[in-house]
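Down below are the structures I want you to see.
In what comes next, chain A is part of two complexes: it sits with chain B in the first one and with chain C in the second one.
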Partner chain A sequence: MIEAKLLQITVAGLTTGAIYALMALGFHLVFVTARTLDFAYGAVVVMGGLVAYSLVVEWSLPLPLVLILVTLFGGAVGLGVSTAIIWPLRDRHPAAQVISLLAAGLVVENVAAVIWGKDSLPFPPFTSDTPIFILGAAVNPQSFWVIGLSLSALIASNLILYKTRLGRVLRATANDPFAARLMGINVKNMYGVAFATSLGLGTLGGTIISPITFAGGYFALPLTVKGFTASILGGIGTPFGAVMGGFLLGFIEAYMAGLITTSYMGAISMAILLVILLLRPEGLFSSKGG
Partner chain B sequence: MKSLRRLMFLAIYSLLSLMILNSAGFGAEAPLRIGLVLSTTGQWSSLGGPAKDGAFLAAEKFNAAGGIKGQKVELVFEDDEGDPAKAASLLRKLTTQDNVCTVFGTSTTAASRAMAEVADNLKITMVAPVPTRAVVEGRRYVFHSAYPIDLAAEFLGQYMTEKLNWKRVAILNDTSEYGTTFAEHVEKWLKGRGIETFSEKFAPNARDLTPTWLKIAERKPDGLLLAAAAMDASAIAMKNRRQLGLKIPVLAGGALSSMRFAQLAGDAAEGTLFQSGFGYDRPREGEKKMLSAMAGKTAGGPPSTLFALGWDSTNLLLQAMQGAGCNRDGILKGLENIKGFQGASGIFNFSPTDHNGHSAKNSTIVKFEKDKFFHIFSY
Partner chain C sequence: MRIFLRQAFWAGLLLAGIVLTPFLSSYHLNIFLMVGIYSIVVMGLNLLMGNAGQVSLGNASFFGIGAYVSALLTTRWGIDFWLALPLAAIVAGISGYVVGFTAIRLRHAYLAMATVAFGVIFDAVVQEWTAITGGVGGIGNLPAPRLMGWEIRSDLSYCYLVWAFAFLVIVFVRNIVSSPAGLALHAIRENEMSAGVTGIDVSSYKLRVFGLSALLAGLAGSLFAHHQRFVGPGSFSVHISLILVTMVVVGGAGKVMGSLLGAAVLTVLPDFLSWISKLPILHPTIRHILTDYSYQLIAYGMLLLLFIFFMPRGLAGLLTDLGRWLRAGEIGPGWIPRTSLASPSVEVEVGNTLELVDTGLRASPHAPDGLLLKVEMVSKSFGGLRALDSVSFDVQRGMIHALIGPNGAGKTTLFNIISGVMRKDSGEIWLSQQRITSQPPHQVQKLGIARTFQLSQPFGSLTVLENVMVGCGLSADGSFISGGLGSRNSRRLSASARERAEQLLEFLSLERWARELADNIPPGAQKALEIARALASSPSLILLDEPAAGLNRCEKEMLESAILKVKTAGLTVLLIEHDLAVVMNLSDQVTVLNYGRKIAEGSPAQVRNDPEVISAYLGRSYQVA
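Take a look at the complex of A and B:
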């Protein structure tokens, strides 16, 4: 019975962790290329869930198509943000971009409230929500979708980053934008690629989590804080660190809730964030800082 | 390295500021005004929205019936976004700039407390639709219209132990002031009678309560009281319970007894018991009156506890204004003299010493089954 409980908690941690990992990778991509923190991220993730809700529930489009459309939608928003906000502000004080992104997040959130309303919307499960029992643990089939799709997206982004020319160029830009420009790399395009990938992952994440958490609702800011905490926890400077941070935060939350206490959960992740920033700002899974 | 750290702290600083800061709103102008402060955006919008609809319907019906000696009443609405500081400053603004006669607000206990202090200072009557007596304690001008938590604790405590025969009771509450106080009162009531009880908590924005349910299930309670105001998180709690295949019976507190919650939870709400102010298939006088006023209206959807709170609170203020007009002390006396008022959520009796007016008998227990609420128990 103890094993079943631990397994159950592990699945819960893996499910939330997968989403945090997606978001942490999104924070990482934007951070290493544009050297900024995307605090509009939670709003875009929530927006992804809402767009998908309309496509699935109101337009009755098939799910695979919805997943592709939503990811493309996030990519397009990312390109827009990069072109309209990040690139023009690239030589200003770093605060200018951070604050502008915060503001953009509020705009996105309010636009979403006008279109879809302020209440959460029940999103139908991808397959079913009758639990599957594994070794005595009841697993929500949507968890498989979340874990499977997140892992696929993580692996795909990793392949792109390390196995393609685009990835090499992106990493070169991250390492040294000035040198990259000297080598003939179009840095502006790389900003676009980074934001598009980041927000594409975000809207995809927002969609696959919606059957579990509902679409929309008052969720953008808490999500931003979670994604940011995860990326800092593992190390925002490396993709591996960010992803590990996501899973670690998911596990910490699940184990704490299941074994110790559910009180002060929000405060505890804030505390973790501050401690890591003070003691190890480069993150737990990263060897070098930014 | 140093610049990274600086950026990070800047980042945290801005995130925290965003969580704290809010912007100001603007009001309208009209004669014989009632100020209305509710949380219609932000985390508690599920509480403020229906209450606002109920308040506006009450004013509409009142004006259609002739108003106060032919004079119409207008509601001046402001959204506090669930922020106590903002609620307090909105009350000040409504009183000093918009010259409202009296105020109805607000959705959360914490923000209502902040408003109550200002109301007493400005000597303006205020009716808060919140269930905590702490809001009115020591206040001259403040009333509250929701079924109080201590009565709810007693009513539910008796129901759980005497009618449901629960010997070991789990309490699951959210960490809002409402949820925390509710859980404390029920726990105290049960422990005072030697009933075994334990509690678990969740954040109002929680999105997965699977681990919490596992912890609860291990202790094999006879039933669980869901004492929460956070609708999304509570609906997720119900879904998680079903996904885990747990059969622990659930009794949910009044803030959750609405069609909206049942719809969010879907199949997972089937068979759940709720504390309510309604009789549903056995409606009382005040409830029938509200339902007939709602007929043909789209706003508010099916009746909810919070819609009824908006409706009742506004009608109470309007009744007090009938004799007093915009005289603030007259409204205070008018409210204190209300007896046998047939509200949608029960019968109210106020007095100079009782600024709540509910009695334990105003509560009902209802069951959600096949997309409908059914009356199960009332005194």
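Take a look at the complex of A and C:
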């Protein structure tokens, strides 16, 4: 019986971990290029789920199309944030970017609240919601969708980052924006690409998790901090570290909730964040320095 | 005259407040009172954010800590309000000090994330730890404060109470901003690394300003709790922190007036909108929009963006411009700025009046004759790259010692390690027999080493004069308390620092820029300014990192003569320079680095003819020649 419970918890950890991994990769991309943290991230992720809800429930569009559209929506928002906020403020005090992103997040979150209301909305499962029993453990089939789609998205991003010219240019910009500029790279465009990819991954994640958590009805800022916690836990400096941090955070949360207590759930990842920031800000999965 | 006008303005505002308050309706009294409470919180946050440049999204939590502590003390233990109030403020202040530790390691966006995390944890604790906080139900039946047997229960009397505190805080914070400590905060906001090498104890300031900011929030929290007579979780969430940040930005970062304006505008706004929404001509949809909380938060977000982009100085900045415009109209176009009031015709014999070196240091009995700085087997690697490989050399007292070598030789890395900006991997550094390895920058500066940077790093939004004043050491660890109380000592310090700074500016021919912002002066002048700032602390050794880079020939000549004057005054100079003409003209001793290793050392003439130096600069094939 205990094995079944552990398995169930592990799948739950893998499921939320996959979403955190998507967000963490998003944080990584924005951090290495624009050297900032996207405080509007959580709000856009929540809005992604809500947009998908409308496309599925009200417009009855086919699911694959919805997933593509919602990813593009996130990309568009990312492009907007990058051109309208990050680029114009690049030479101001770093606090100006932080506050502007917070403000953008506040606007996005409340625009969503005005359009879709403040309560969470039930999102239909991609296939069915009859639990599948594996070794006695009841597993929500949506979990497989989440894990499968997230892993595909992570692998696709990795291929883009390391196998294409765009990825090389993006990494060059991350390495040294000034030198990249001298090589004829349009750094402004690279900021755009980083933000678009980051928020595209986010809205996709916000959509595929919605059948489990419901869409909307969420306070976005803590979600932002969780995504950041994931990235910093593994190491925001490398894509591998960020993704591993995402899964790790998912497991920690799931085991805490499953085996110890569900109260203080909101505070757990925050406490992890403070500890990791103070003890090992470069993350668990990256070497010091470099 | 200006000071008098300003004081008259504040006195008038105070008088108007005292006289007009009794005429307010109970509804408006309540709003006015809340403006007072938020003003106190925002003044604290503004000191942290506007003056010191540290974004905090945890200040609503400090506000909450003050409220809950006060509520618990008075209801559970029956402690009197007048004791609970300071205790609440102190507990909040201590928690702020502790949160401040994150600010030592983290900067900007990271710090903001950490404070959000703190805020969310506070929210969770308040809601989950029901035994203490009462959970969602909160704590009720708080007693009203009593003063000399009389209960402060009515809105009017409580309003006076709140504003009495607010007024004290206004005076206190205004004094801090103009004190040496205020100057230090400003310097930290502008450039932390420069602040450190200029002698400012950055960590201590960050901790203390976090503590003070939280203390003020806690004070306001206690006042808030005893006004509501109830505390519950809703008033202290991260959302409220975000609104506090909005108040700072909209009002005007770094200005006390800004805190008051921001608190006033954003406290009144919701009530104002709901008043408008009652106008009968409005369409019901618009009426709904005006009162809906979500729309309100959208408006706050838009306001924030609007102000950050188009009015970064906030409403207070607008007011300052307006005042300047009015005054300029009154005085007329012939108004002479204060800069030119000092008569320029008087020749000052700089060498006589200016004591560049602290005589105490010069006559230090411990120092063996000659040796000032000893660098011993210092190594440093970045990843796989060995930037410094067991470098050793001595710098003799009173010399100009040049450190040369091709790009990437490790010269600046060595400067960074000596000045404490960077940590070494191994090796030791001694300054007149005192081990200074791995000391923080402000400590190294205190021991007598000042430095400049390759790319000038002035405090851009401080004036040239203020930049040098910071260097004079008056802000090294200025107390907020003596600054806030406007103590005579802190004013005297400022006056003597100003005098010394003016002399230094004259020494480096910078006096005509004295009242310009450091960002606005030409690059050559910025380089000279850095030297003036470094000299201000009366160092025994000054590290100059490529002072001649980017200067034209005339500026270079001025620089050379300034460096020689510095030497004549008894200082020791360690100089990184690529312009070999400058090096050959000035230096007594030259050390050559290449790929992190020392390859030659000696007099300029010796080094010039050293085959290894020639090949390092010109390539192997020249070695034969």
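Here is the rule we go by: the second predicted complex is superposed on the first by the 286 of 290 C-alpha atoms of A that agree within 3 Å, B and C clash if a C-alpha of one lies under 4 Å from a C-alpha of the other, contacts with A are read in each partner's own complex, and residues count from 1 in each chain.
Here, a contact is a pair of C-beta atoms (placed from the backbone, for glycine too) under 8 Å apart; a residue touches a chain by one contact, two chains touch by 3 or more.
Since the structure is predicted, the reported quantities are computational estimates derived from the model, not experimental observations.
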item: Fit-or-clash call for chain B and chain C when the two complexes are aligned on chain A; value: clash
item: Chain B versus chain C as contact partner of A:P222, first or second or both or neither; value: both
item: Which of chain B and chain C A:W59 touches, first, second, both or neither; value: neither
item: Touching partner for A:Y162 - first (chain B), second (chain C), both, neither; value: neither
item: Partner chain(s) touched by A:K118 [first = chain B, second = chain C, both, neither]; value: both
item: Touching partner for A:V107 - first (chain B), second (chain C), both, neither; value: second
item: First (chain B), second (chain C), both or neither touched by A:A96; value: second
item: Which of chain B and chain C A:P88 touches, first, second, both or neither; value: second
item: Superposition clash, chain B versus chain C, among 4-12, 220-228 or 238-246; value: 4-12
item: Chain C-contacting residues of chain A that also contact chain B; value: 37, 39, 94-95, 98-99, 102, 113, 118, 219, 221-222, 224-225, 228, 263, 266, 273-274, 277, 281, 289-290
item: Complex interface listing, chain A residues touching chain C; value: 36-37, 39, 85, 88-89, 92-100, 102-107, 109-111, 113-114, 118, 219, 221-222, 224-225, 228-229, 263-264, 266-267, 270-271, 273-274, 277-278, 281, 289-290
item: Chain B - residues contacting chain A, complex; value: 1, 3-5, 7-12, 14-15, 18-19, 40-43, 45-46, 49, 175, 200-203, 205-212, 214-215, 218, 231-232, 235-236, 239, 243-245, 260, 263-264, 266
item: Parts of chain C lying in touch with chain A, wherever the complex brings them together; value: 49, 53, 55, 57, 101-102, 105-110, 112-114, 116-118, 120-121, 123-125, 128, 189, 238, 242, 245-246, 249, 292, 294-295, 297-298, 300-302, 304-305, 308-309, 312, 382-383
item: Of chain A, residues touching chain B in the complex; value: 5, 8-9, 11-12, 15-16, 35, 37, 39, 94-95, 98-99, 102, 113, 118-120, 122, 129, 131, 133, 138, 140, 209, 212-214, 217-219, 221-222, 224-225, 228, 232, 254-255, 257-259, 261-263, 265-266, 273-274, 277, 281-282, 289-290
